[in-house]
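The two complexes that follow have chain A in common; it is paired with chain B in the first and with chain C in the second.
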Partner chain A sequence: MAFTKKVTLKSSDGELFIIDRAVALQSRTIQYVLEDTNPVDAIIPVPAVDARTLSKVLEYCKKHLIDLNTDFEDYSKWDKDFVDAEVWMLYDLIMAADYLHIPPLIDLICDKIASMFKGQTPDKIREIFNIDNDFSKEEEEDFKKKSGWAFK
Partner chain B sequence: MAEEQIDRISQLSDDILISILSLLPTRDVARTNLLSKAWRKLSAFSSLPVLMFESPDFLASPRKDTDVSSFINAIDSYLKLRQKDASLAKLRLYLHLNDVESRALIDSWIDAALERKVKELDLFMLPRGRARGKPYSLPAKIFAARTINVLSLRRVILEICGDIDLPALRKLYLGEILFVSSCPLIDCLHIESCHGLQNVSGLANLRRLEVLWCYELKRIEINAPSLQYLSYQQGKCPCDVVLRACEFLRDLFKNLVSGLPSLEGLGIRRTQLQRIEISHHQLKRLDLSLTEKQSKAKLKIDTPNLQSFKYDDTPNLQSFKYDGHRMPLASLISSMNTSSLQEAEIHFLSFDNYSHLFIPQLREFFEKLKHCQVIKLLIKSKRELILPRKLRPILSPPVYDIKHLYITVNYRSRYQYIIYRLLWMFHPQTLSISPKEHPKYCTSCTTKCWRHYLEDVQIDGDESKSEIDRITTMPESSTFMNCEVRFRLKWRSQLL
Partner chain C sequence: MTISSKVLKTEKEEDVSLLDLPELALECILQRLSPSGLCSMARVCTSLRDRCRSDHLWEKHMKQKWGRVIGPAAYREWQWHIASRKRPSLLKKSNKRGLSRSLFSVCPLSWIRPKLESSGEPSCSLSVDYIKAWYLSLESGKLWFPAQVYNRENGHLGFVMSCYDALLSYDSCTDTFRARYSSQGRQTIEENIPWHRLRAPPIDVLPHVLHVSDCLNDLRPGDHIEIQWRNNIELPYGASSNHHSIPGVHCIWLVLKSFCICYLIIVPTSSSTEQIHVTLC
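Up next is the complex of A and B:
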């Protein structure tokens, strides 16, 4: 069976991305679609991901395909720069990676988000991630008293 | 709409949030309890797959206001109140032993983890304060833990009485421990500062082995066909390293060589070896660094490129890099087989014990290297190449065959002497000189400077010392130019 070398993805906002099949195969979701239907020259819709996020995800996939043989260090430096992004971008990326099922990208972003939690006070974390505090003052004090080890 | 203002992290799926929390020390996870009710539900200790506890100020000097008792209570409840069927992926305990009332308490935590089928166990038990000198003794149960696949142990005592039954173990890290024995499935082993460790053997599935700072080690015997990486740092005692059937070994560091038929590169650095014998036919790259204490080391190199090792028959050696103190030249030269050496790089460190024999030896050494296309020489001081006047006549004839000689000189402004002396020994076809600080010119410009157009230079004048001195002084200054030297310059009309 002849495989098409190129695959076309369509983002939620209608933009088309023509990419190498090998790049697309890093997404297990797309891999399943290709295996099931083997659409020749067909367009694969990616309804959960907008163009801005999809192009960033594909940037990651391309890098990790081409540079499979580069040194570990080069790789980690690139990854580090890649996730050095605004928080909202990280959300978009991780949701896209989750939808497209690209485990190494999910791990990479989890790692980045975890590093933003490390050593921070709850107040600071709420500020970084815009989390609403729905505890009363009493509940808060009570918990702090019980879990003193976590706050010193 | 400012998308920055929305709480989107709480909208991520629980799976992803749990993955994020699993990367955090449990102390940080506990703090997320205070973020909001949804987060408190998420980080309930009963469901966390990863628990990582670290004593307050672990490895740092203790503070007075740390709440040790609530920390200990937290470990206890996180582990023991957890449901038996809630499996645990990883438990890390990095503890100051003086923080814990009794060793039995730690035992009970490990028990609790084993009961919950822990897969990865990471223990670092630091004896300090009143616990100083009394390291933690690991419960024997750990060695019958059938679910553990990654085991990392530091600063603990291993007393193994019965059999070791760790059928799932894939990774073992041991640091500052007393012992090791064989686990057939280990493929990655790192042993660091294990005093009392004397033998490492067995380990047939090993792919990666690092043995560092184990001073009492006497023998490493590895029979691992798939070994790919080996790093070994010698301790105080002589140690036999025997490698058998390691066909896939690609990188070999530190100080061992033996029947590794497909080895292509070898680096030997920071050892105290007094006797190095290398006999290898395939070896292509040899990178050797000797310390001051090894100035009397016996080297025998039988790879066709080397100096003062026993390089026996390594006819394919193509590149050789030496850096160190005074070469044990005499022993080297006689045993060297360098017929296919193409490139040699020699770095001399300072010579305090200069001997008048050195220059003749060096010349003899370079005679051995004359098949090299390229010789790179790094010279730190002109004293290294003092050439006594009375020796000059016996040095002739010079070594002719060397094509390119690169010299990097640390010693500012005086390299004309060095070149003058080298030209007594060599008549290379080209001579490149660069000071240690490389001048940066035109490498990134689109318009090339004049150097690119210069094809050939000939010098008219007496072939005298003063002449050569003047030429070699040229790059730095022309203050000594008090007689006429004429350069014939041949230019190319366009860039190659």
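Up next is the complex of A and C:
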């Protein structure tokens, strides 16, 4: 039954990805689809994820499947390089990981995003993460008054 | 993902904002932030401000940093502190509303948030970011909290557990504490006390209040006990305690010798590996 070991995923922009079933099973969303319908040779649509993001997610799934015997240090180095990406790419990845339900990948990207906040001023955070400042002038003034004490 | 964010994404990917992330992911990110990180985030926008002051994010930091030195007495000190800060605003309001506020401050409820914010008083924010405010008042050194300080001889045999009761204030620049206590009737301050010399009082009684131990009858040979004696009721912070590496009988004799002015506290302890045989006659 070798043919059952392959699964075909279809991205939101119509690209097909033929991958090992074991790789696809790292996504709980796909796991549920496979368990429920067991589609042999069928195409599983992934409507919330585009091809560029999906290929990146699958890259992660393949790595984490094949290299189970790799020691921890090698693994974390690979992970670190994997998330060394633009903010919008991290956004796409985290939304894809959320949709496909891959908890370790969500954790990895959350770690990365949280580390990007470290030591940044509110202004810089708004700039990097594309957030509008919706505080009133009074509230801003209030912050200035209270900023007499800060963490070391 | 919302429809609007999807449209936005296809039009121009760089326009996606952190706030468009799935709820779970955003929560995961905030959980990874340090206290100073949460404070910076709270100043980014109103939505993040509301998220970053929630108690569940601060509880972890509170336990991690302050759990070991904060006891029930320190908690009461904090409650008293916020109650006294609220007093001026209570004078302006009707008594009825003031009462309901002080109740909410003890048990923060999310549904009262809009009401409190609409009144626009800075003191109100204490009600919605209870643990955050507590953490910051400890971190900034503004709150003097009761705890016990191991004496300077800490570590020397015979003074292993010798300590005094004091009010403590933290200095975040040096990561040490100031202790304020009364010695021989004079207010005394000790500076630069490191973390390892602090502990929460093992029994929740005020330093000058006699504690009648309710476990004396249950003591058995081999039990570990801690004896604290206080030498003058008028000098509440002049107390000391001693976990004996010497036989229990010896300590009790010390207490009995100056019977009129000493109090005995016995705390069963299980952490020590010393085998102390207590003989009570």
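Worth a mention:
Keep in mind that, in the parts below, the second predicted complex is superposed on the first by the 139 of 152 C-alpha atoms of A that agree within 3 Å, B and C clash if a C-alpha of one lies under 4 Å from a C-alpha of the other, contacts with A are read in each partner's own complex, and residues count from 1 in each chain.
Throughout what follows, a contact is a pair of C-beta atoms (placed from the backbone, for glycine too) under 8 Å apart; a residue touches a chain by one contact, two chains touch by 3 or more.
Keep in mind that what you see is a predicted model, and the values were worked out from it rather than measured.
Of the two partner chains placed by superposition, chain B and chain C are both touched by A:F117. Touch criterion not met for A:Y32: it reaches neither chain B nor chain C.
Using the contact criterion defined above for the overlaid structures, shared-chain residue A:I125 touches chain B and also reaches chain C. In the superposed model, A:F135 makes contact with both chain B and chain C.
Once the two complexes are overlaid on the shared chain, A:A48 sits against chain C while remaining clear of chain B.
Of the two partner chains, both chain B and chain C are touched by A:F143.
In the overlay built on the shared chain, the residue A:M95 is in contact with chain B and with chain C. Common to the chain B and chain C interfaces on chain A are residues 88, 91, 94-95, 98, 106-107, 110-111, 113-114, 117-118, 120-122, 125-126, 129-135, 143, 149-152.
The touching residues of chain A, when paired with chain B in their complex, are 86-88, 91, 94-95, 98, 106-107, 110-111, 113-114, 117-122, 125-126, 129-135, 140, 143-144, 146-152. Per the touch definition, chain B reaches chain A in the complex via residues 3-10, 12-13, 16, 19-21, 23-25, 27-28, 30-37, 39, 56, 65-68, 70-71, 73-74.
Per the touch definition, chain A reaches chain C in the complex via residues 48, 88, 91-92, 94-95, 98-99, 106-107, 109-111, 113-114, 117-118, 120-122, 125-126, 129-135, 142-143, 149-152.
For chain C in complex with chain A, the touching residues are 1, 9, 13-22, 24-25, 28-29, 32-37, 39-41, 43-48, 122, 139-140, 172-173, 175.
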